[in-house]
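For reference, the structure is listed below as structure tokens.
Each chain carries a letter (A, B, C and D) given by its place in the written order, and its residues are counted from 1.
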Amino acid sequence: MNELAKEIERRILGAPFHQWMNINVIDAGEGFVEMTATYRDEWLGNPDKHSSHGGIVAGLIDLAADFSLYTYIGRGVPTIDLRVDFLAPAIGNLMAVGKAIKYGKRISTAEANIYNADGKLVASGRGTFLTC
Amino acid sequence: MNELAKEIERRILGAPFHQWMNINVIDAGEGFVEMTATYRDEWLGNPDKHSSHGGIVAGLIDLAADFSLYTYIGRGVPTIDLRVDFLAPAIGNLMAVGKAIKYGKRISTAEANIYNADGKLVASGRGTFLTC
Amino acid sequence: MNELAKEIERRILGAPFHQWMNINVIDAGEGFVEMTATYRDEWLGNPDKHSSHGGIVAGLIDLAADFSLYTYIGRGVPTIDLRVDFLAPAIGNLMAVGKAIKYGKRISTAEANIYNADGKLVASGRGTFLTC
Amino acid sequence: MNELAKEIERRILGAPFHQWMNINVIDAGEGFVEMTATYRDEWLGNPDKHSSHGGIVAGLIDLAADFSLYTYIGRGVPTIDLRVDFLAPAIGNLMAVGKAIKYGKRISTAEANIYNADGKLVASGRGTFLTC
């Protein structure tokens, strides 16, 4: 884990929700961040399918997209809006890869993909963030 | 609380995530549902502002929009995509009002507004749901 | 047609795309605007169904949502992002009703509904706008 | 231009809106399509900035995302919802690259990027499509 990833993880884990989400930052660089979220039973939205709730997935997309902007601005930023496509059931531990689409002085756009432990893309989304 | 609201609450509380979200269904009728979510500290996304994480808000929008369709179809349905506008910090207990926009035999659209305890609109969103 | 509606129509018709869309502003007030768009054959996206293209509908939602903010800021504003739900085929002349959801000094959110000549809701959408 | 691109162009140009948009299909393959749209003055949404209207850009994203699914299903499909991020002014001729994210038997997700003549990314978006 590089220094930037460690720094982002420290910042992220300052929030109780992120601790509860069991976030570990794996890698980070200019305009991107990778992190894992370790499964807990409270995530279950559909117990029959063993799948985690859309709010868990949306929260992880929000987080990873947001912190892909950290390189540019050095802090988490307010999310203006978020859009999520649910592509497959999110089962078990999750991996999130956030990527900046456009860093702007007032407004930025970033995206994140969510993968399950098999590497399957289970959700994908984008947000607009206030960077002023 | 009417019978439909009781039935929807029973269904919702079958999922661990909804239990963890402390959901109570207040009212329900054709194409709408109202529910509350009682605050817990793990929701905090920004401890300095006492505001809950976007994933909590997005999860509540997903849930309320989804179950506004329950009247028509008698079950929770898969969310295809979700879009959320964050309008103000979500602090403390939350109220969600879900409303069907269009019920279709294959695809449905529904929305939800999220209010804080003062009745202020803090977020608003929409989803597309698979109803076949 | 009130004075505000006349003023908004004048501003709107300063753009060639809006002239081509045959826009007439019907009514306007604080945080809302109503306008019509008179059909032309070039709008057809699906000739078999006589329905207009998604770009026509999305453009009208963008326009009506944007100008619902005119009362607050006195000009058209840049659209940051736009989300559209297509609910039914858009056939013939269209009516758009734009409404501000939240006016902010930096960022605003507004929505618009699109109706056909029978008053049927055919599409609905929202945008985020830069108001600084 | 390969045979698939020619076939897609023929289909696209069956609609008056696409003819008016001056669409040429450049390339196509499994899950992707590239096309150009040649500028016309009626596109202008902001004459001072020489930029085309959001409806033009949104319509092109809708079209390119939709036809990225053509390989799988052999026809244009209804758009359920569309989300667009406007990243920079869209000036002059435009290039659109559509890409399937997930082809499903009932519902599919696809995206498109829009570039200006200099190769700059000016907008990007996604749609959900009915493929049953």
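Just so we're on the same page, a residue touches a chain if its C-beta (ideal position, glycine included) is under 8 Å from a C-beta of that chain, and two chains touch if they have at least 3 such contacts.
Just so you know, these numbers come straight off a predicted model, no measurement behind them.
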Exercise for the section: Tally the contacting C-beta pairs at the B-C interface and at the C-D interface, and name the larger one. Expected result: C-D
Practice task
Check A-B, A-C or A-D against B-D and flag the pair whose interface repeats it, over half of the contact pairs matching by residue number.
Solution key: A-C
Completion exercise
Note: chain D sits from chain C at a C-alpha centroid distance in Å of 21
Problem - Distance between the centres, which are taken as Cα means, of chain C and chain A, whole angstrom - result: 34
Fill in the blank from the handout: Taking each chain's mean CA coordinate, chain B and chain C are separated, in whole Å, by 28
Fill in the blank from the handout: Among all residues of chain A, those touching at least two other chains are 80-81, 83, 85, 109, 128
Problem - chain C contact footprint on chain B (complex, rising order) - result: 83, 85, 87, 101-102, 109, 121, 124, 126, 128
Practice task
Can you check the complex and tell me which residues of chain C touch chain D?
Solution key: 14-21, 41-47, 52-56, 58-60, 62-63, 76, 78-86
Handout entry: List of chain D residues in touch with chain B within their complex
Key = 80-81, 83, 106-107, 109, 128, 130, 132
